[in-house]
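After this come two complexes, each holding chain A, first together with chain B and then together with chain C.
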Partner chain A sequence: MEGLLKIKGLNIGLRGQDLGERPSIVQDLHLEISKAESVCLVGESGCGKSITALSIMGLLPKGLRIWSGKILFEGMDLLRLNEKELRRIRGSEISMIFQEPMSSLNPVLTIGQQLREVFLAHLKGEEPVHKKEIEDRCVSLLRDVGLPHPKDQLRAYPHMLSGGQRQRVMIAMAMALNPKLIIADEPTTALDVTVQLQILRLLKGLQEGRECSLLFITHDLSLVPNVGDRVYVMYKGRIMEEGPSREVVSSPLHPYTKALLSAIVDPESPKGIKAKALRTKDNRSNSVLVDKNAKGKGQGCRYASTCPSVEARCRELEPGLMVANDRKVRCWLHVC
Partner chain B sequence: MRMGEGYKLIRNDWVGFLGLCLFLCFLGISVLGLLLTRGSEPILDPKKVRLHEKLKPPMCKASPETIANEKLPFGRFLLGTDDLGRDVFARMLQGAYVSMSVGFVSVGISVLIGVIIGGISGYYGDRNIGLITFLSLLLLIAGIILIISSNRSLGLLLSCLGVISLLLKKTRFLKQMDRQFIDVDSFIMRIVDIMLCFPSFFLILTVVVVLPPSIYNIMIVIGVTSWMGTARFVRAEFLALRELDFVKAAKLLGLSDMKIIFVHMLPNAIGPVLVSATLGVASAILVEAGLSFLGLGVPPPHATWGNILSDGKNYLFDAPWLTFIPGFTIMLVVLSFNLFGEALRDMVNPKLKS
Partner chain C sequence: MCVKDGLGEVILALEHIHKYFHLKGGYFSSKRHRITAVRDVSLSLPHGITYGLVGESGCGKTTLSHITAGLLPPDGGRVIFCEEDLYALGYKELKEKRKRIQLVFQDPYSSLNPRLSVGYVIKEALRQGNVPKEELEERAASVLKSVGLDPGCMSSYPHQLSGGQRQRVVIARALCVSPLVLIMDEPVSSLDVLIQAQILDLLLEIKERVQIPYIFISHDLKIVTYLSDIIGVMYRGEILEEGPSLEVYKAPLHPYTELLLASVPKMGDAKGFLASDPTVELKTEHESLNQGGACPCSYYLRCNRRSRECLSGPIELRSIGENRRIRCINV
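Coming up: the complex of A and B.
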């Protein structure tokens, strides 16, 4: 398959940090997305998933800085583009869906006005588009995302819609210009479980129908087999495991992936109710910034402090990514 | 916002509706006043001196010869006459146009300046200005102020220096010195603080004394000295809005900064701005009345509410209507603006529309 997005050796750190220290937010991240492929990025909160997504869009928060690495989109390095070129790509080539549908629509503009803005922002240079034509495209978009009465909804304000409907509108806005890559940053986290599944199916259906690629960011490993072809598991800024999603979920290699899987509540199995919470040494240790281990000695595996099967060498040296067939894992357990 | 919905909303809020009615009423009166009192032979002459009819109380019948010579409504002086026998009704009509236009134009100017400066400060606030850029901007501002205050040659020199150093700052030598010095937000807010330091009425007085007396100068001066409140409002709103998801989403959809500022952020921030603008209209009318009261407003033969009031103060006990009529009118207008402003704030909030 042809590569669409390639992230090579991405390092993201705090702005004030010393260059000698290892970057604390995202470290040496490699990620590949092929055309029409959907890829999941899984990890607990604070592990750098969203930061990775924002760095693709070129909208990192002010305190963070990309130290090194390349983000190649169709062979062109997004990190080298200026603001104007980036703006042309955002929305039309790469678009993003947020976690909070409640706050990601402008409360004082109607749905129609906001959808229209997307078209107006990107169709300007080309042939003049008629108002009527844009209106028709908006209606058909809303129909595609399964909103009832799309014509009336154009005149509705965001507060008149439910959370699921708003997320559908967000998806419509992201899909408006048939982008090649859609980044969905936990699009279902804020939604009801029943609506969650609908939105997932919709997203998946649209992605397959329009043959675009999808980068699906979530902390819920149970969603992964439904959505992604491949999955990356991330922990404290590091890719820990990578592989086809079904295989990773059915036979996880890394202890962290196993821990993530055991945290899923499965109501059908009697044991599921007693699902284990992720083992963390103390409440703070799942935050990247206060990782004492990484700060002091700096070299060991990032999961060593909480890993159930930790060995002496885990604390000494961080393992590299071991490759086996189409799976990769960063753990000493799997070194031959 | 569609008109129908706004109308429905304001019908439910009777206080706001009253404000709107009074507001429209005064607008109508001021236009009517302009039409009735303009030209060399106006229908109602505010300048006509009738010494034999001075200090007549309101609703007083005019003498037969006056009625024969002029057209007066019902043959009466509806609001009485002043110490020169001029018809107060005609003078109030003429003054209405001045007061309203001063109110609207000056507030228009101040809101425009305030929104632009506040918007820049709120949206681009954390960009840095280098030392050289900072100095050349200061030079430019000083130059422009000097040009305005009629010191042309020095002003031109300073602003030229400013522009040249702005152009030259990319050169290698100056680029080294152009280190981060201050961020845009602090820079603009300090200018606002400086402007706020001056007691504004005295600032206006000073400028009015320096400039030739004319109604347009007064409008501009009031506008230029009262934008700080709006700027701070807009800045505060923008600081909060900038971090919200929908602004981030708009950026991610590839919208330009101008689109984000004017289409997405400004409508969210406009509520308090509109309210402060309606209050501003009221206070601008008061400032103009105050200036006219002190004799520094619109030059004399032309009537304004302020100078009717100030002329009347000598006859406070003999002819109290001369002060009460303009005083009450100013109060009513200010009140109606405040009430309407409150209602307007609710109208621009889409959550209150069903």
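Coming up: the complex of A and C.
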């Protein structure tokens, strides 16, 4: 398959700090997305998955800085582009769907105004577009994302829509210019389960129908085999495991992936203190405060302080990504 | 309505609770809409039982929890707590009773005062539970320990804690007054999966230790089934199905429960989850919201088993088998 996006050795850290001093927020990240492929990025909050997404869009917060690395989009390094060139790519080539549909829509503008803006901003340079034409495209977009009465909805304000409908509008805006890559940053976290299913179906259907690539960011591993072809598991800025999503979920290699999987509640499993003791012994840490101590140490595996199968060498040296067939894992357990 | 099937005495019972909210039509309009938030809900909570309420947002779960906790008077029906009607009590008595029903809210960020330290919050709650002054420090430390927090965090402020730790503080605060009932309104939905599992384990552990009944509210059928003994499925203010949790999870009777179950991501059959399933035809939310209200079955518009008979008369919650109840005529 042809590569669309390639991230090579990306390091993101705080501005004004030595790279050696502190572990960066994202460290030595390699990520690849082929054309028409959907890739999941999984990890707990604070692991750097959203920062990765923002760095692709060139929207990093001011306090952060990319220290090294390349983000190649169709062979073009996005980090070398200036703001004007970036702006042309954002929205039309790469677009993003954010987690909270309420805060990512402007409350004082109607849905129509906000949708129209996408076209107006990007079609400006070319021949003048007719107002009517834009209107029609907006209506058909809203119809594509399954909003009833699209014509009336153009005049609605975001507060008049439900959470699921707002997320549909966000998807419509992201899809408006047929981008080659869509980044969805936890698009269903704020939604109900039934609505989540609808939104995922819609997103997946549109992605497959329009043959664009999808980078799906989530903390819920149970969504991964349904949404992504491949998955990257991230922990504290590091990719811990990588591989075809179904294989990773059915036979995880890294202890952290196992912990994430065991966190998915199974109603039919035994519950209570006994079951908990079993599970914590297996692969989950008991202590909540342990994370604090783990920070600030540059060496060793980042998961060592929480890992159930930790060895002496884990604390001393961080393992590299081991490659086996199409899977990669960063753990000493899997070094031959 | 209080079923005493060998489970012990009923601590809390709701009897035919109704709640309406009135909305004004518009700024200049004199029209008033009435929204039924809760319609004819009855349930009983025996000792040591966890009652799980499932439903989408807007179905009235939270309203029901506020009514149960003594925070919002219902428009019809009674809340019986320790053999007394909660809303027939005077203000002082209500306030005293209310302490024994504790709420844990969804968002641990907004349910802690940012200016008060954890220690202050916990001690304040303990004082309300009539703990003598000299024991405060010790008791606060032990309460924090019991929810898996380091007593050293007493001097920290909410912003210094993570989401999971904050939720632990909120749970600790609720436990301080030795409540008889604990109501949890989506306690884990704003948390990460890993932290979610930790908090669920903590709740199960507390339940085994103190043996108080829980009302557990969530929109995730999987989590509710995991934690509860009895499940009530709520839709637009009504309980549509009720029964022992695993039975409901394994063999749902009501079409709406089936829909909820189909929305749970399955790990096994990967593509099957997103592929459209003919039995669960999802209507958009808008359509079903607009036209509802008139028909006797609140789920009629989204139902895949609807028939003419559904419209013929009011549909009551009827018993099926030993301990399951369902509000549907087609089963």
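What we mean here is this: the second predicted complex is superposed on the first by the 302 of 336 C-alpha atoms of A that agree within 3 Å, B and C clash if a C-alpha of one lies under 4 Å from a C-alpha of the other, contacts with A are read in each partner's own complex, and residues count from 1 in each chain.
Please note the rule applied: a contact is a pair of C-beta atoms (placed from the backbone, for glycine too) under 8 Å apart; a residue touches a chain by one contact, two chains touch by 3 or more.
In this text the structure is predicted, and so the values were computed from the model without any measurement.
Student: Which partner does A:Lys62 contact after superposing on A: first (chain B), second (chain C), both, neither?
Tutor: A:Lys62 contacts chain B only, not chain C.
Student: Is A:Gln165 contacted by the first partner chain B, the second partner chain C, both or neither?
Tutor: second
Student: Touch test for A:Arg246: chain B only (first), chain C only (second), both, or neither?
Tutor: second
Student: Chain B or chain C: which reaches more residues on chain A?
Tutor: C
Student: Touch check for A:Gln198: first (chain B), second (chain C), both, or neither?
Tutor: Touch partner of A:Gln198: chain C, not chain B.
Student: Should A:Ser309 be classified as contacting the first partner (chain B), the second (chain C), both, or neither?
Tutor: Neither chain B nor chain C is touched by A:Ser309.
Student: Where on chain B is chain A touching in the complex?
Tutor: Residues of chain B touching chain A: 126, 244-246, 248-256, 259, 263-264, 267-268, 348-351, 353.
Student: Under the touch definition given earlier, write down the residues of chain A that touch chain B in their complex.
Tutor: Interface residues on the chain A side: 57, 59, 62, 87-92, 95-96, 98, 100, 103-109, 117-118, 121-122, 157, 159, 170, 173-174.
Student: Tell me, which parts of chain C touch chain A in their complex?
Tutor: Within the complex, chain C touches chain A at residues 56-57, 148-150, 153, 162-165, 168, 192-198, 200-201, 204-205, 208, 219-223, 225-227, 245-246, 249-250, 259-260, 262-267, 270-271, 273-274, 276, 282, 284-287, 289.
Student: Which part of chain A faces chain C closely enough to touch in the complex?
Tutor: 44-45, 146-149, 162-165, 192-198, 200-201, 204, 219-223, 225-227, 245-246, 249-250, 259-260, 262-269, 271-273, 276, 279, 284, 286-289, 291
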